[in-house]
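One structure is given below, represented as C-alpha cells, and several questions about it will come after.
Here the chain labels run A, B, C and D in written order, and each chain numbers its own residues starting at 1.
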C-alpha cells in the first residue's frame, strides 16, 4: 500500500440537513468515523443521479465543516453546493434521509502554521465553504484570522452567521455592489500585506481569482495556499484528467493531479499562465 | 461454488482470476492499493508508457457524456526509465501480476520499449497499445492501418523472442476489425485487447468550441459496451483460437459475462473504476458467482459460449 | 427573437426550420400526426424504402443499452409501389415537406428507386441510405466501401439529373469518414446525412446468445452523440461547403446546437421520438430560443461555428 | 391526421396508490380525462428512471382498471406491475405523490360482443390485470364471465377480491399446486368448450400460453382475442420493433406492429410458430 488516498473510505452517507442559503444549498451529511481523519481543504466525491443514472462520474465538493461526537462515531460533514448542472442539481434536491454514495476524505489539506500567525482567508463564491472549517482550526491554534469573501452578487456570497464567530474580521465584496464593498476580493490584499497583517494567505474560489492572488502573493513573497478546482473524473488519482502545471523544486514544470497532489497547492508553484495551454 | 476454475490464460500467460485493470484507468496501481490489495485481482495493466517523459495534453482533458465520458490525456507519463525504476519494483513488491502497456510514436520506438522490458523479471505480459498517432505517417493511428499495426507487432515480437507474451490492443475505429486482428496475430500477437476508446467529440455550448483542449477524445464507459461486445464477437468468430482481453463499459459481473460469452478470456475494468474504486473487486466476485450459478465448471467453458452451434 | 432566420438549405432544398424526423424513427408520418402537425417541422424523412415489400428481421428486434438502444429491423417495408400509392400522397396532403429515404440491395436498385421517385412531384429531397448490405459483394455494407458508395450515388445522380436534391447518409463504422464523404460528394451528392447507427451487439445473459434475432444491431440514442459530433466535425472540416444533415442522440435544443456548431445545417431526431413523441417540436423550440439567446441572426451563422479561427 | 394513436395523450400522472400484492405492485395513477377514451386492452407507456436516466425507452403496462368521476376530470388508472428489471423496479419504488411521464391510452382494445355471450377470460401471471376491467364491461353488457387464472406459483397469481365480484366463476391454477388446482390454465379449456359454455375466449399472459390457447380455440373454432406482449421501443407505431407475424384475409403473413395493431389481436391470425423465426 502506498500513502495516496490513505484516509479515503467508500461510505454510504445520510443526508441529515438540506437548507437553501442564497443561491447555495447547505447539505449536512452523517458520515460516521471518517471525520476523524478529515482536515480543512479535503473534499468528497459523490455519485449522482441514483442507480440508473446516465451520469457515470462522481462530483467533487469541498468539505465546509465537520463536527464529531467521536464517542458515538456519528460525525457530520457540511457541504455548500451550487446547483450548477444536472449532477449538483440532483444533489441539491436530495431530501433529509436520502442515502448518498460518498468517497471521503480526499486530497490534500491546508497546512496549519506551527506557531501562531496572521492568516488572511480569501474566498470566492462557494469557495468560502472550506475556509470556515479552516478558520476554526487556525483560531484554535492561536492564529489571527481575517477573512475576505467575494462574489459577483450578494446571493452568491456564502457567509453563515455561525462562521463569523471563528474569524477576527470579515469583509465582503460584490462586483455589483449588492452587498458589502463594491469590488473584487483581490482589491484590498496588497494594502493588507503592506500593513504587515498578513503572514499567510489561504484561498479558495474560481481559478482566475486564485491566479490573481498568486500574482499578488508572489510579488510580496507571502506564502499562499490555494485550493484549486479542475474537472475530475475519478478524484483518486487514477485518470490523469485533473492536472495542473506546477513547478517543482528543480524548476521543472510537471502536470500534477489536483485530486491527490491538490486541491490545496502552493500558489507560487502553480504555473497559472500555462493552465489550458499546450503543455511544455 | 468453490469448485469453479476461475483462472484464465492469455496465450502463455496464466492468471488466477480473469478481471484486470484497464490501461490508463488505474495509473500505476499505487492509488488503488488503498482500496484493495493489488494481488487480489487478475493483473494490473499499467498506463501506456512511452520512451520519454511526456506532459500530455492541456486541460480540459475530460467531458462526461450520456453513460460515458471522453478523455484526452495525451499519454502523460514519466517515460520508461522512471517507470522501470519506480513503478515496476513497487508493483512486484505487492505481489501483483503486472501487464505493462507500451506506446510509441513510430515503429522503432515500440521495439526499443520491448527491449527495455525484456530484461525485467516478473512481468506477466506486454500490452501493445497501437491506438497512437504514427508521427512518421501523418499522425495516422497505427491501429487504423493494417500495415503499420503489423509492423509494430512484428518489431516487438522479434525483440522479445518468446520471452514475454504479447497482447495487442486494437481500436474499434476501423471498417473491419477482423482484418487488423488477423494482421497482428500473423505478426506474432499472442492475444488481443478489445476495445480501446471510440473517437468522439463534445462541443461546449457555452464557449461554442470543442470542449476538450485536444478537440477529439476517446469515448469509454457503459455507452460503448454494445460496440465492445460486437468487436469481441466478430474477432472471436474470425480467430477462435486467439485469446481476447475484453473491455469497454464493464461495471458489473453481468457486463463482464456478456463480454466473456462473446469471446473474451479476460476482462479489463476501466472507466467504472472512476465511479467506484472497488468496482474491479465487485465485478470479480459477481462474475464468479454468476458463472457458478449458471453451472459452468470453469471460466474457460464460458468463453465464446454465445457462438455455440454456429 | 422573431428576427431569427431559422430556415436552412441542404443543397438546393430549402426548409423553413432545420429540425426533421430521422429515417426509420417516424415510420411514414401517420403515427406522429396525432401528436403534432407534420408541417410544423422542417421535414419528414421517411423510413428507408426498398424496391419490393420486405418482412424485415424476426424479433427480438431491439435491446435497450445504457443511454441508447440497438435495433435490427431489417428494413421492413411495403416496397416502393405501395409507398408511392399510399404514403406519399397522404404526406403531401398534410403539407409536410418530405424527404424520401431509399435503400437497395445492389447499385442498380438505387437507380431504379430514383427513377420511380423522379416523376413524383412535391418531394423535397432523396436521402440515399447506403448503410445496407450489398448482396453483390459478400454483403459488405455500401457505406463501408468507397467504391460501392460512389457507384450508388453516381447511378442515382445520373438517373435524377438535377431534378431532386440528393442527400447521402453515411455510416460511422469506417476508418476514415472523410474519404467516404469526399467520394460521394465527387459522385454528385448535394448533401450528407451523418450519422447512421453504430454497429453493436448485446448478449442476453439468460439465453447466453446474442439478444437480437439479427445478432448485431444499430446503436442509436444519446450514447452515440459524441461519435456523431466527431463525424460531423471531421466532415465539415474536410468539406466545408457540403451541407450536413446531422443526427445521433439529439433530444434537446442544446444537443441540436452541439451538432450545428460542429457543422450540421439540419438536425434529424430519431430515437428520442421513441421516448417522447413530441421531442422534435421541443427540440425545434429550444434550438430557436438558444440561437436567439446566443445572439445569432440566423441559423446559418451557427453552422460550423465551433471551427472558427481554425 | 390519421386515426392511429387517436386517443393517445402525453400526460403527467400522479401516483395515488402503490400497494404490494403477492409478487406484484398495484399502482394507482391519477390521470385526468383520458380515462374517457380508455378501454379494456389498452396500455400505457411510462418513462422510467427519472430525469437523468440511462434508460431511454418507455415501459409498457396493461391498464388493469379505470375509474372516473368524469364531472371532476379526475380519472384513475390501475396498473399491476411485476418488478422485473431496472425499469419496472423503479416504477414499483415510486411513492404516493410521485409524478410519472405517461402516454395513454395506447393500442387496440378487446372487442365486446354486441349481444350477451358466454365469455371465458384466461390470464397468466400479471396477464390477469386487464381481464378484470374487461370483466366489468362484459358483465355490464349482460355477458356471462368465467375466469381462469394461472401462474407458476401462488404469489404470482393476481386476483383481487374486488375483482371477483365482476365474474361468475373464478378458477385458479398453479403449476406447483401452491394455490387452487395444480396444473395449467389451458388444461380445463377444451372441456369447457365441449360443455358449450364458451362463445368467446379473451386471454392475456405469456406468449406461450396465448399460443396454446390459440391452438385449442382454432381447433374448436371459438373466437379468441388475445393481448400479446412484444418488446416495444416506442409504443406508438414508429419504430417497427414490436412486430408479430399475422395472417391477413388474403392468407399472406405480414409483420404487424403489436403496439398499434395490437396488443389485442385475433389469436387465430397470429402465426405463433413463426414468432422469432426467420421471416418469410
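Operating definition for what follows: contacts are C-beta pairs under 8 Å (C-beta built on N, C-alpha and C of every residue); 3 or more make two chains touch, one makes a residue touch a chain.
Bear in mind the structure is a predicted one, so any value in this text is a computation, not a measurement.
K.L.:
Treat each pair of touching chains as one step and give the shortest count from subunit A to subunit D.
P.N.:
1
K.L.:
So which chains are sitting against subunit A and subunit C at once?
P.N.:
Looking at subunit C and subunit A together, the chains touching each of them are B, D.
K.L.:
Have a look at C-D versus B-D and report the one with more C-beta pairs in contact.
P.N.:
If we tally the contacting C-beta pairs, C-D comes out ahead.
K.L.:
Tell me, please, which chain's centre (mean of its C-alpha atoms) is farthest from the centre of subunit D?
P.N.:
For subunit D, the chain whose C-alpha mean is farthest off is A.
K.L.:
Averaging over Cα atoms per chain, report the distance between subunit B and subunit D in Å.
P.N.:
Their C-alpha centroids are separated by 47 Å.
K.L.:
So, what's the distance in Å between the C-alpha centres of subunit C and subunit B?
P.N.:
Each chain reduced to its C-alpha mean, subunit B and subunit C end up 34 Å apart.
K.L.:
Let me have the rounded angstrom distance from the C-alpha centre of subunit A over to the C-alpha centre of subunit B, please.
P.N.:
Distance between chain centres, rounded to whole Å: 35 Å.
K.L.:
Spell out, as numbers or ranges, the residues of subunit C touching 2 or more other chains.
P.N.:
Each of 66-68, 221-222 in subunit C touches at least two other chains.
K.L.:
Counting only residues that touch at least 2 other chains, which ones in subunit A make the list?
P.N.:
Residue numbers touching two or more other chains: 54-55.
K.L.:
Thinking of each chain as a vertex joined to the chains it touches, would you call that graph a line, ring, star, complete, or other?
P.N.:
Graph shape, chains as nodes and touching pairs as edges: complete.
K.L.:
Quick one: which bits of subunit D touch subunit B in the complex? Just the residue numbers, please.
P.N.:
54
K.L.:
Spell out the residues on subunit D that touch subunit C in their complex, using ranges where they run on.
P.N.:
By the definition above, subunit D touches subunit C via 1-2, 4-6, 8, 10, 47, 54-58, 101, 103, 230-231, 233-245, 253-255, 260, 274-280.
K.L.:
Residues of subunit B touching subunit D in their complex?
P.N.:
Residues 66-67, 222 of subunit B touch subunit D in their complex.
K.L.:
Help me check something: in the complex, which residues belonging to subunit D touch subunit A?
P.N.:
It is residues 48-55, 86, 90 of subunit D that touch subunit A.
K.L.:
Please give the residue numbers of subunit B that touch subunit A in the complex, ascending.
P.N.:
The contact residues of subunit B facing subunit A are 24-27, 30-35, 37, 47, 55-62, 64, 66-69, 71, 73-74, 76, 90, 94, 213, 221-222, 271-278.
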